[in-house]
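Chain naming follows the written order as A, B, C and D, and within any one chain the residues start at number 1.
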Amino acid sequence: MPEAAVATRRLTIAEALREGIAEEMRRDPEVFLIGEDIGVEGGFGGAFGVYLGLPEEFGHERIIDTPISEKVIAGAAAGAAMLGMKPIADMQYSDFLFECMDELVNQAAKMRYMSGGKVSVPMVMRAPVGMTLRGAQHGQCPESYFIHVPGLKVVAPSDAYHAKGILKAAVRDPNPVLIFEHKLLYGSKGREAAGGMDLTAEVPEEDYTFPIGQAVIKRAGSDVTVVATHVSLYRALAAAETLTADGIECEVIDPLTLQPFDTETIFGSVRRTGRLVIVHEDTLTGGWGAEVAACVADECLDYLEAPIKRIATLDVPAPAAPVLEQRILPQEQTIVETIRRLVG
Amino acid sequence: MDAGAAHLQLETVQELYRKVALIRRFEDRVYRLFLEGEIPGTLHQYQGQEAVAAGVCSTLRIDDWITSTHRPHGHALAKGVNTSEAMAELYGKATGCCGGKGGSMHLGDPAVGMLPAIAIVAGGNTIVTGLGLAMKLRKSDQVAACFFGEGATNEGAFHEGLNFSAVEQLPIVWVCENNLYGASTPYGRVSLVPDVAERAKVYGIPSQIVDGMDAVAVREASAAAVEHARNGGGPTLLECKTYRFTGHSRSDARGYRTREEEQEWAKRDPLIVLAARLDEATVARLEAEVKAELDEAVEFARNSPDPDPATALEHVYA
Amino acid sequence: MPEAAVATRRLTIAEALREGIAEEMRRDPEVFLIGEDIGVEGGFGGAFGVYLGLPEEFGHERIIDTPISEKVIAGAAAGAAMLGMKPIADMQYSDFLFECMDELVNQAAKMRYMSGGKVSVPMVMRAPVGMTLRGAQHGQCPESYFIHVPGLKVVAPSDAYHAKGILKAAVRDPNPVLIFEHKLLYGSKGREAAGGMDLTAEVPEEDYTFPIGQAVIKRAGSDVTVVATHVSLYRALAAAETLTADGIECEVIDPLTLQPFDTETIFGSVRRTGRLVIVHEDTLTGGWGAEVAACVADECLDYLEAPIKRIATLDVPAPAAPVLEQRILPQEQTIVETIRRLVG
Amino acid sequence: MDAGAAHLQLETVQELYRKVALIRRFEDRVYRLFLEGEIPGTLHQYQGQEAVAAGVCSTLRIDDWITSTHRPHGHALAKGVNTSEAMAELYGKATGCCGGKGGSMHLGDPAVGMLPAIAIVAGGNTIVTGLGLAMKLRKSDQVAACFFGEGATNEGAFHEGLNFSAVEQLPIVWVCENNLYGASTPYGRVSLVPDVAERAKVYGIPSQIVDGMDAVAVREASAAAVEHARNGGGPTLLECKTYRFTGHSRSDARGYRTREEEQEWAKRDPLIVLAARLDEATVARLEAEVKAELDEAVEFARNSPDPDPATALEHVYA
């Protein structure tokens, strides 16, 4: 069990991802990296520095710096995966995924099915999400588009331990997996912006994976189930602390995987608490929270003691001005107040 | 040419004729079966363009790969997809090469180096770079060929794929089948430069215009390009000038082109071009072989079971 | 009121759309058409013949046949709209929208907001949806991706009257509007495949529009609310007929607009019936039905007498074989049985 | 050159100097304000490339349009976006040209013919075809210019946009700012053909390589291209060879290029190139004007109110 492993090191998500990538590249010569500005000498090591140091160990043959051609990044990753290789593709910002939707939605996701099961597409695509004052085209959380694509898996880790474990599981998964990471959670730089929380986690030295499709109960509680990812997860945890003063015990769940969703863990929790709040930084309408709410409204209706609430970014593009960005993001205070009303 | 080479040459022409005829007769048969309601869905047929698929694929090994398009029947048969399984796939049968899940627009079989065809125009043009990249990274001597129409050259994917293949010197042969029309649209209306071969140059990719009605000419050009790629020389683009004898899809009355133009091209029918190099008896023998193969394929498809509806839920994920 | 107009003609959806387009082009010289194979002489008049005859009246200047370049189709439409023109863009199959997601999601949808309200994008994009035995890349119903994009409007008409009215409203709308039409509903050809129902509707000769954002109750009933679009709507109506024999009265609602959704009509109905079934041909997970279910589970929980049920295409890519396609599509029988269980 | 023409020429050079200086001093000021924490978000700055924006926009009318990129400050000032409103937009203030909603990467103002900048690389390259199409359909004599980096030329959008503009003969000037790098990536690593101008030819679009450090040279080339477009001659591509003096974005240590290379280009600083054509007093006067304009802009931005948070919900739909 990973939890039982001796783990004394604390790593940031960026460090943990880097380590996970390096381990998988060592383990399997078929793993390679592809993306823009990931390995250029003197460059950035990817937009968030995750690849720094990797070219020194693995050379430039397995770390492919592409032209600014997202269709090729996704298409080449998918094509190489169809021949059995294990590409880890990089999208500098997840907003650019809209440039390669055909390759992801029409090709990578459907090829196994169209071939009657003869072709596998074991590719990984990493894509940073989240609003960081960069405006409408550099702040989206597009996870929800992809949960709607049969054939794709979608994960969204929020701490270093799970980020590394699920990345390694994704590399070994025979299906295309999209990994959405939040920019503010990579490391120390994001700490302040994310509310000062400790963004490191214990990460064992030993090889481990964390299964795709398994949610984690981050905090047990009996009054309300709160499902949240990324920065919203930390806000939900903070809200849960605040609410103990009200005598309200929140059960906070990190789903980790958005597709396939671990409905059993959520259903089990809701059947105990009778209340459900979903929090995500993706916009509200058509967000993944809707799917969770719909499943619960189907399977757990008789257990519900209160309406299902979704707290999400308001349905607007990301504005640049700080006051506007703060206005639309799901805030801790909103979570607190919503839960007070639900339970009160 | 010495006797040995001449013999080899003759065998090659026979083999090419056999493939071209197989595709032609397959397509004609399929069209009838479609009209008779035996084959569901829609069809984009390949009559007229057979020399391209036959010529290119005759230069590929079974472990080389191709990507194909919405018009894949000819590519599939040329690359060696089992004729009966291809036919069964069109019928939507469990024994089809994709188990009935692919259908006409997604024919293919990885066992013979053909990905299920990609029906998004130019969709294969980025995917193929991944095939080439895998070959390069594995230091194998495999080659990938990407078939696409002239209409596909106006897609962003065409551009990104070519450029990346050049920069990475991937072992790819880009095979443009310029049949003058994309659906109803003449290429002259959507490109000021009539030759696709020109477009390759700005990526630093060598290119060549080929008589796409002559399987021997296609074979020769392709052999050189494949050899070049296999030896690490990088990509080549072949522009095969050709013509589809049918409508774009099964319901196309071809009002956007003239019967005269069609008749001109019909004179250069790839079967005629090849038959001119063979004696009548050989042609008759090859046609008989093809007919037998197709009779068997139709029988096979007809007698195959429908897929179990439960399998509809399989193969989404591994 | 449109309903009061004298209407004796019956038109197919294709005819009604053609008429609506022609009327708008006559009314406003800034309306133009753009797409692949829409106006070529001797061509198809678009993949489903909707534009046949229009070049004869309007000439080729206002009917622009493009190269096979979906990014340009969407981008040029958006750009021209930003200067105030009223493009009606054509996507031959909605599956190809994945080739121009950036233009739709990042540009057209966000430009008004990014500009602080200074730029309008009054474009229309028409896109046919639906499974018709053409396999994985020609049978999708991608409406749901677009309801998740703040700034876009999404409509999905199911009959000739509303198709024409909503198209004309879309052309006059200052926002980008995506119109999803079902291939089997265009006209006589689709009739058989769609189950033999009459696909014509009365369409008045007079100029009218039908408001975006307004649902229509197609059939009143007291026991269960059924929300469905396109072919699924007709299946739901047929199921409702069948269920009268069981003494079950279904209220069948055509939402017509998926974004902004007419939640009031749905809420009102659910508050009366206490039960909700949503049917769509788009796949289940993350489909627009989830959003409707989530809204109802939030706003109408106390009125619900039964779990909210969604009936949708199974979560798989579209297979080619007829038996497989039938297996995954939402069938009338499933609607009937689901409602029997809900009400029984 | 007669006296009148010489005078005109001198006025032009002064005007160009003023614009280049305005952009340079704006960018330098913004950088300091950013480091001091007054300006939020991130920055992609334009120092070094000013001659391109200034030269091109000096040939455009206010009712001509431009599209811009993630690096838009220079384009905005050159096209005539109010300096104070541009500054306020960077501050995220209600008085910004986009009301604080756009920010650095989406500067623009339709009132002066600039769409909010598009920060998706090559994103403007399809949108601009719509601007050109609207102009053509309306039979206006407006022109649209599209700014993009050499890195953008590997996107599918570049290809689709150029081809369509050629086929439809749209009144577009394609302005490539080839500053040798796309983020950390040298163009030579992502294109085998070093000159973007080459790429235009396969679309049938005339192109020209221009000294992008010399605003007068840019102006001359642009004037001809704009004239050509205005008269119905269709698109032109100008490849302006230039250099960004700063990092790609504010946190870039520029490890991927040498200090020597930077010093070489610094010698060709567009300010130096222009100043050589003016006397010192004129330069001093222009710089003083610019400084006053910027002082005012910073004051304006500082003293402007934040947007009302409630406005976050406005302008999604009309």
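The criterion applied here is as follows: contacts are C-beta pairs under 8 Å (C-beta built on N, C-alpha and C of every residue); 3 or more make two chains touch, one makes a residue touch a chain.
Keep in mind that what you see is a predicted model, and the values were worked out from it rather than measured.
Identification of common neighbours of chain A and chain B yields C, D.
Chain centres computed from CA atoms place D at the largest separation from chain C. The distance from the centre of chain B to the centre of chain D, each centre being the mean of the chain's C-alpha atoms, comes to 46 Å.
Centre-to-centre, using mean CA coordinates, chain A is 36 Å away from chain D. Chain C and chain D have Cα centroids separated by 41 Å. Annotation for chain C: residues touching 2 or more other chains are 66-67, 69, 71, 95, 99, 102, 106, 113-114, 135-137, 150-151, 315-317, 319. Touching of two or more other chains is recorded for residues 96, 98, 100-102, 106, 118, 120, 123, 154-157, 160, 163, 167, 189-191, 316 of chain B.
Chain-to-chain contact here is organised exhaustively, every possible pair of chains being in touch.
Within the complex formed with chain B, the residues of chain C that make contact are 36-37, 40-44, 65-71, 95-96, 99, 132-138, 314-317, 319-324, 326-328.
By the touch criterion given at the top, residues 40-42, 89, 92-93, 96, 98, 100-106, 118-123, 151-152, 154-156, 182-186, 189-191, 252, 254-257, 306-307, 309-313, 316 of chain D touch chain A in their complex.
On the side of chain D, the complex with chain B involves touching residues 154-160, 163, 166-167, 189-193, 198-199, 201-204. Contact residues on chain C toward chain D in their complex (touch as defined above): 32, 34, 61-62, 64, 66-67, 69, 71-72, 74-85, 87, 102-103, 106-107, 111-120, 150-151, 153, 173-175, 260. Interface of chain C with chain A (complex): residues 95, 98-99, 101-102, 105-106, 109-110, 113-114, 135-137, 144-145, 147-148, 150-151, 259, 261, 283, 285-291, 293-294, 296-299, 301, 304, 306-310, 315-317, 319.
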